[in-house]
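Two complexes follow with chain A in common, the first pairing it with chain B and the second with chain C.
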Partner chain A sequence: MKNHTFFWFILPSLVTMMLFIAMPIGSVFIQSLHIEHGAVLTEVKNCGPFGCKMEVQVDVEATSELKKAKPLGKFNGFGTYNNRNHLAVVELSQAWNDSTNWGTYFRKIYNLPFYRALAFTLTYTFVVTPLVLMLGFCIALGVNSLPKNIKGPTIFVSLLPMIVTPLIGSLILFWMIDAEGILGASLQWLLEDPNLSLKASPNLTWVMLIVYGVWHSAPFAFIIFYAGLQTVPADTIEAAMIDGASRWERTRYVVVPHLVPLIVFITLIQLMDNFRVFEPIVSFSAQANATSLSWIIFNDLAGGEGSFFGSAGATSVLTILGVAVLLIPVLFRTWRDFKGKVV
Partner chain B sequence: MFLNKITLAGAFMALGTTAMAGCGISSGNVKILSNDFPAIQSVTAAASTCAGGGVTVEANLTKDHKDIMVAALTANPAQYTSVIASNSTLVTLMNDGLVRSLDALVAKHGDGLNPSQMITVDGKIMAVAFGANAQHLFSRSDILKKAGVNSIPETYEDVLAAAKAIKSAGLMDYPVALNTAAGWNLGEEFVNMYMGTGADFFKPGTAEVAVNNDHGVATLNMLKSLVAYSNPDYLTYDSNATQAEWEAGNLALATMWGTRGGAVLDDEGSTKAVSSNTVLTGAPTWGNNARPASTLWWDGIAISANISDEDAEATFIAMMKGISSDVIQANNSDTVWLGAGYMPSAASAGVSATAAAGAAPYPMLPFMGTLHGALGAEISDFLQGSESAEQALADVEAAYTAAATEKGFLN
Partner chain C sequence: MTDLANRRPIGQKIVIWFFVLCWIIVAGFPFLWTMWGSFKVQGDFFSKADWTYALQGVRTQAETGAAFTGDGYFGAWVTKAFWHAALNTTIVVVSVVIISLSLGTLGGYALARSGKKYAFYLLMLALVFRAMPHITLVSGYLLPFFEWNLWGHLPTAIIVMVAINQPFTLWMLHSFFLNIPKDLDESAMVDGCTRFQAFRRVIVPVMWPGVITTGLFSFLLAYNDFTVTATLLSQSNQTMVPKIASFLGTTQTEGNVMFAVAAVVSATVPLFLLVMFFQRQIVSGLTAGAVKG
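This part shows the complex of A and B:
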């Protein structure tokens, strides 16, 4: 394709990407560099059904003039990024100075909200992604060897976890794992521990969220692998069989190499998706024991009264950077393969 | 209860024709944004009877009203002409100048309102309150009696002793519940308990937080002693969960919202044994202090700033209809009504007792919501035993300071 033709060919998608991806990210970044104007505070007398009291209030008139002059707020540079609720630069170095060993240092870091969320987000991403790949592949192999008449219903049932809305799916599980729910009560009975609560302990909460993540995402990997399995060349398999390869050897040396591009694709998508884990934390009310970067953004915007747009913007930009860092190895590999093919 | 609602709705429809004349509005748009609970449903239903002729009345009742109110009222013209606000949401709206002063409207159309219903800020009426709410103690008299506790606890020390008696008598493993779901609910429990010490949340006249002290430590320790008698899942307990646990008969002592009283005492969702033995009393005190460990909340009517005066007047008149004494008498048990015509009932005994004992209102400070958020996020580590009370309070202080700086309250 000529350069000129190519340009006109991709122009529409370039324009939409600029409008709907690049510009919003740019505006989020600009917002993250600003904080609200210093509020002009005055002390006034407030009265209500329960009596009167002198209380501090915002002087709306004085503050609104500031707002009108500079609607974005006060420029703060990377102040929001570096403060205690985000990268906590000062607190990190202080923790380093106060700590005598790595244990206390990590405990102090884990006490900071951003790093606590990052710890769960990364654990979730790196545990769920490989498990989803493996489980999805196993289900695909299993379904592929089923007799034709029960294949359709099995595929449908296997896809259910993905079809169910994440919020609803996790809420139903949340009720089931309650100490009085079917799963929670069964576990108590199995382990003979009447006080076992999946919601109370931080470790069990993490396990529960990870199990949910695998349950929810495995069908995605399954359906892609299943499609890939239909394209495995039958004559190569037959040749392997004639050579006396066992089922395991055929899978290991014929099927898996054939599916490598799909493995890369699923890894890419799953890394991005899992790094943005959010719904299960809300539905499982898990915020006391597990938070994620996306959950922090949500909490800044809708957690209490009033929104923290600067904070939410800063965490969003950091999340984008995190996704970029995660994807670099995978993208690098794809690029290398691509180059290899061209040359 | 469901039948009640149908009869009520029917009554309102029947009233509709006569009420239209009674409202006395010829034109204007009324759009109400509010939380969703029975008292508000009654108010908005009655306000809706003013619709007709040139008047439209719409209401959006949603639990998520807090998330949309600022954006909806910042628009000019505002998307809602009225917000049913409370102590905390009115401050959020006033911080951005989104609600108007009601002095002229009250003077013109506010006959029959009690002076105590006016929420005045710096001498200007900013809202008209119609209902009061507070968290207070719910007790099961039969369980207490079985455990050998003969009087309803009046202090949290008594609550702990009673819980211990219930547990050692083998009646219940987890007799106590508070609304301790991590986040806003847990923050509210700290605020309530800290209120009981009589100390201030901020250094007077400033936005500098002042909870990192002995009162704060004592407050955290009291909360920890209480949750030791709570179900291990307590960090997921919001007010729906505690009400369900109560109605299932799993609790003997709980601190819950006054607005749950009606639902707990009615004969739905629970057994006779539970509902007939449930006693509602004022919020307990603790640590030899006189002030109940609770905060008083009001629900009231605020009118948007960014709307025409005509719509503002129509809205005010319709809302006055919504909180008139007819409505109060027809829905007496919905809440503790502040207007004329209210008769105290068993369901509201706890809130009334809490207010009478001198509980303080939830502070109407611009930065209180920011502190509330920091509390809800940072104190769960202490309750779970993974850090000290001092560390938890230092975390609260640091989280609040960073957030309040971003909000412009601190420099």
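This part shows the complex of A and C:
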């Protein structure tokens, strides 16, 4: 295809992506270097029955004028990155000096909002992804051995957790594990602990969110693996059988190697999607016990105490860096494959 | 696979059947339960005392005189004006699907036919864009949108979602167009068509299966979105998902959680129908990019 034809074909798509994906990334970075204006203070003489005093007052008019003139706020350099709510450089070194062992050090770090969110986001990403791969593979193997006429309905039900809106899906689970919901009440009865509340304990909240994550994403892995299983070459399987391979050996040495490209694909998509975990925290109202990077950005923007664009910007830039770190191996691999193809 | 390879000992069969059955229950039961419960009163849906209340509707019978009640639905749709949110969702979803497919088919076709190095780099760029958490992008929009008075309107949310959707749409349509033989449009060009005429007259008539599949995923992205709609739309323009999220705060205190339950079930129904009618397309779409490698 000629270069200029290509250009006109791709232009509309490219323009929207540049305007609404590339530019915001730049704008987020600029925002992160600025901080909200403080209130403009003026000194006013306030005279009462007991004499006159000089008082400091907020000049509302001047403040709103300043905000209008410079909506971005004042330049702050990397100040926002270093403050307590983000990388917290000072607090980190202080905690290091104050702690005698790693345990107390990590506990102190965990009290800093950014590291708290990072800890949950990373745990979620790296626990959910392998579990999704394993569960998805098992379901695919199971469904693949069902008789043909019940495969369709099985796949239909299996797709539901993935298709349903994440916020809605997590709400549905949340209502069931509520202390008065069916699962929550059953657990209380099973464990004979009437005060058991999955919401109150930090550990159980993490478990709950991870269970939701696996429930939500397993169908995706299942469908991909299931489609992959249809393409496993029958000759190789038969050859392995003739060579006396057991069912387990056939799965391990023929089926799994055949599916390796799919494992890479699912891992890539899952890492990207799990790293942005957000909706379940909202519907589980889990913010007291678990926050994610996406959640703290959302809280800065729409948390009810006004919008902190500088703070949200700084967290966003750090999140994007995190995504970049996750993506580098994949991009490198794809690039190398591409080079190999061309040469 | 041959029949011989599928023959299993009975014990293994039982284990597999049991496992699949467990999964079916885990995947499907929550929806069934919530749908059933949405026709009950709160005392039954959250029945701590005796879970069989939820089945028999003991309190529902006491409060409303029948075993099933539509009070939750009435409250959500009429009292809380959920119909307005549903209308907004319809507008947003239809627009997003149409616009992103129009842009995506052109772009995806160009990427599939280019064969140049920069097409590959554009695809890689799209992959990087696909990985960006939506909320980080939203935090870049908010301030400019406030300043230019674009915030809160449906068209703003629509165009933002179209953009966020583009990387995925491009990838998917690109792989569909790769499956359409090159000879088709090239022979049209030999016959004197320009590239665009070849696209319009030869490719457009045969591309619909791929476009429909991609459209389903655009639909899902727009329908399921919470991040963009919750932050970029004003209260009066809210779509269903942020509306449900805002129900959480208000209804819990007012004691009508059932409104939220009814709204949740209402919002799930279109998705159910979607999977029911388009299961084959969804499965083929999910696997399109993956299985080929």
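Quick note on the criterion: the second predicted complex is superposed on the first by the 279 of 343 C-alpha atoms of A that agree within 3 Å, B and C clash if a C-alpha of one lies under 4 Å from a C-alpha of the other, contacts with A are read in each partner's own complex, and residues count from 1 in each chain.
One rule holds in what follows: a residue touches a chain if its C-beta (ideal position, glycine included) is under 8 Å from a C-beta of that chain, and two chains touch if they have at least 3 such contacts.
These numbers come from a predicted model, not from an experiment.
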| item | value |
| --- | --- |
| First, second, both or neither for A:212, with chain B first and chain C second | neither |
| Winner by number of chain A residues touched, once chain B and chain C are compared | C |
| Partner chain(s) touched by A:55 [first = chain B, second = chain C, both, neither] | first |
| Which superposed partner A:146 touches (first chain B, second chain C, both, neither) | second |
| Contacts of A:179 with chain B and chain C, given as first, second, both or neither | both |
| Touched partner set for A:302, first chain B, second chain C, both or neither | both |
| Partner chain(s) touched by A:44 [first = chain B, second = chain C, both, neither] | first |
| Partner chain(s) touched by A:313 [first = chain B, second = chain C, both, neither] | second |
| Which superposed partner A:114 touches (first chain B, second chain C, both, neither) | neither |
| Overlap of the chain B and chain C footprints on chain A, listed as residue numbers | 178-179, 285, 301-302, 307 |
| Residues on chain A engaged by chain C in the complex (per definition of touch) | 1-3, 5-6, 9-10, 12-14, 16-17, 19-28, 31, 71-72, 138-139, 141-143, 145-146, 152, 154-161, 163-169, 171-173, 175-176, 178-182, 185-186, 215, 219-220, 223-224, 227-228, 231-232, 234, 237-238, 241, 247, 250, 261-262, 265-266, 272, 275-276, 278-279, 282-283, 285, 293-294, 297-298, 300-302, 307, 309, 312-313, 316-317, 319-320, 323, 326-327, 330-331, 334-335, 338, 342 |
| Chain B-facing residues of chain A, complex | 35-39, 41-51, 53, 55-58, 60-61, 64, 73-74, 76, 80, 83-85, 91, 111, 113, 178-179, 195, 197, 199-200, 202, 284-285, 287-289, 299, 301-308, 310-311 |
| Residues on chain C engaged by chain A in the complex (per definition of touch) | 1-2, 4-6, 8, 12-13, 16-17, 19-20, 23-24, 26-28, 30-31, 33-34, 45-48, 51, 54, 102-104, 106-107, 109-111, 113-117, 119-120, 122, 124, 126-144, 146-147, 159-160, 162-164, 166-167, 170, 195-196, 199, 220, 223-224, 226-227, 230-231, 241, 244-245, 248, 257, 260-261, 264, 267-268, 271-272, 274-276, 279, 282-283, 286-287, 289-291, 293 |
| Residues on chain B engaged by chain A in the complex (per definition of touch) | 64, 66-67, 70, 87-89, 91-92, 94-97, 116-123, 129, 132, 181-184, 202, 205-207, 231-236, 238, 296, 298, 338, 355, 359-361, 363-366, 369-370, 372-373, 376-377, 380-381, 384, 386-387, 391, 395, 398-399, 401-403, 405-409, 411 |
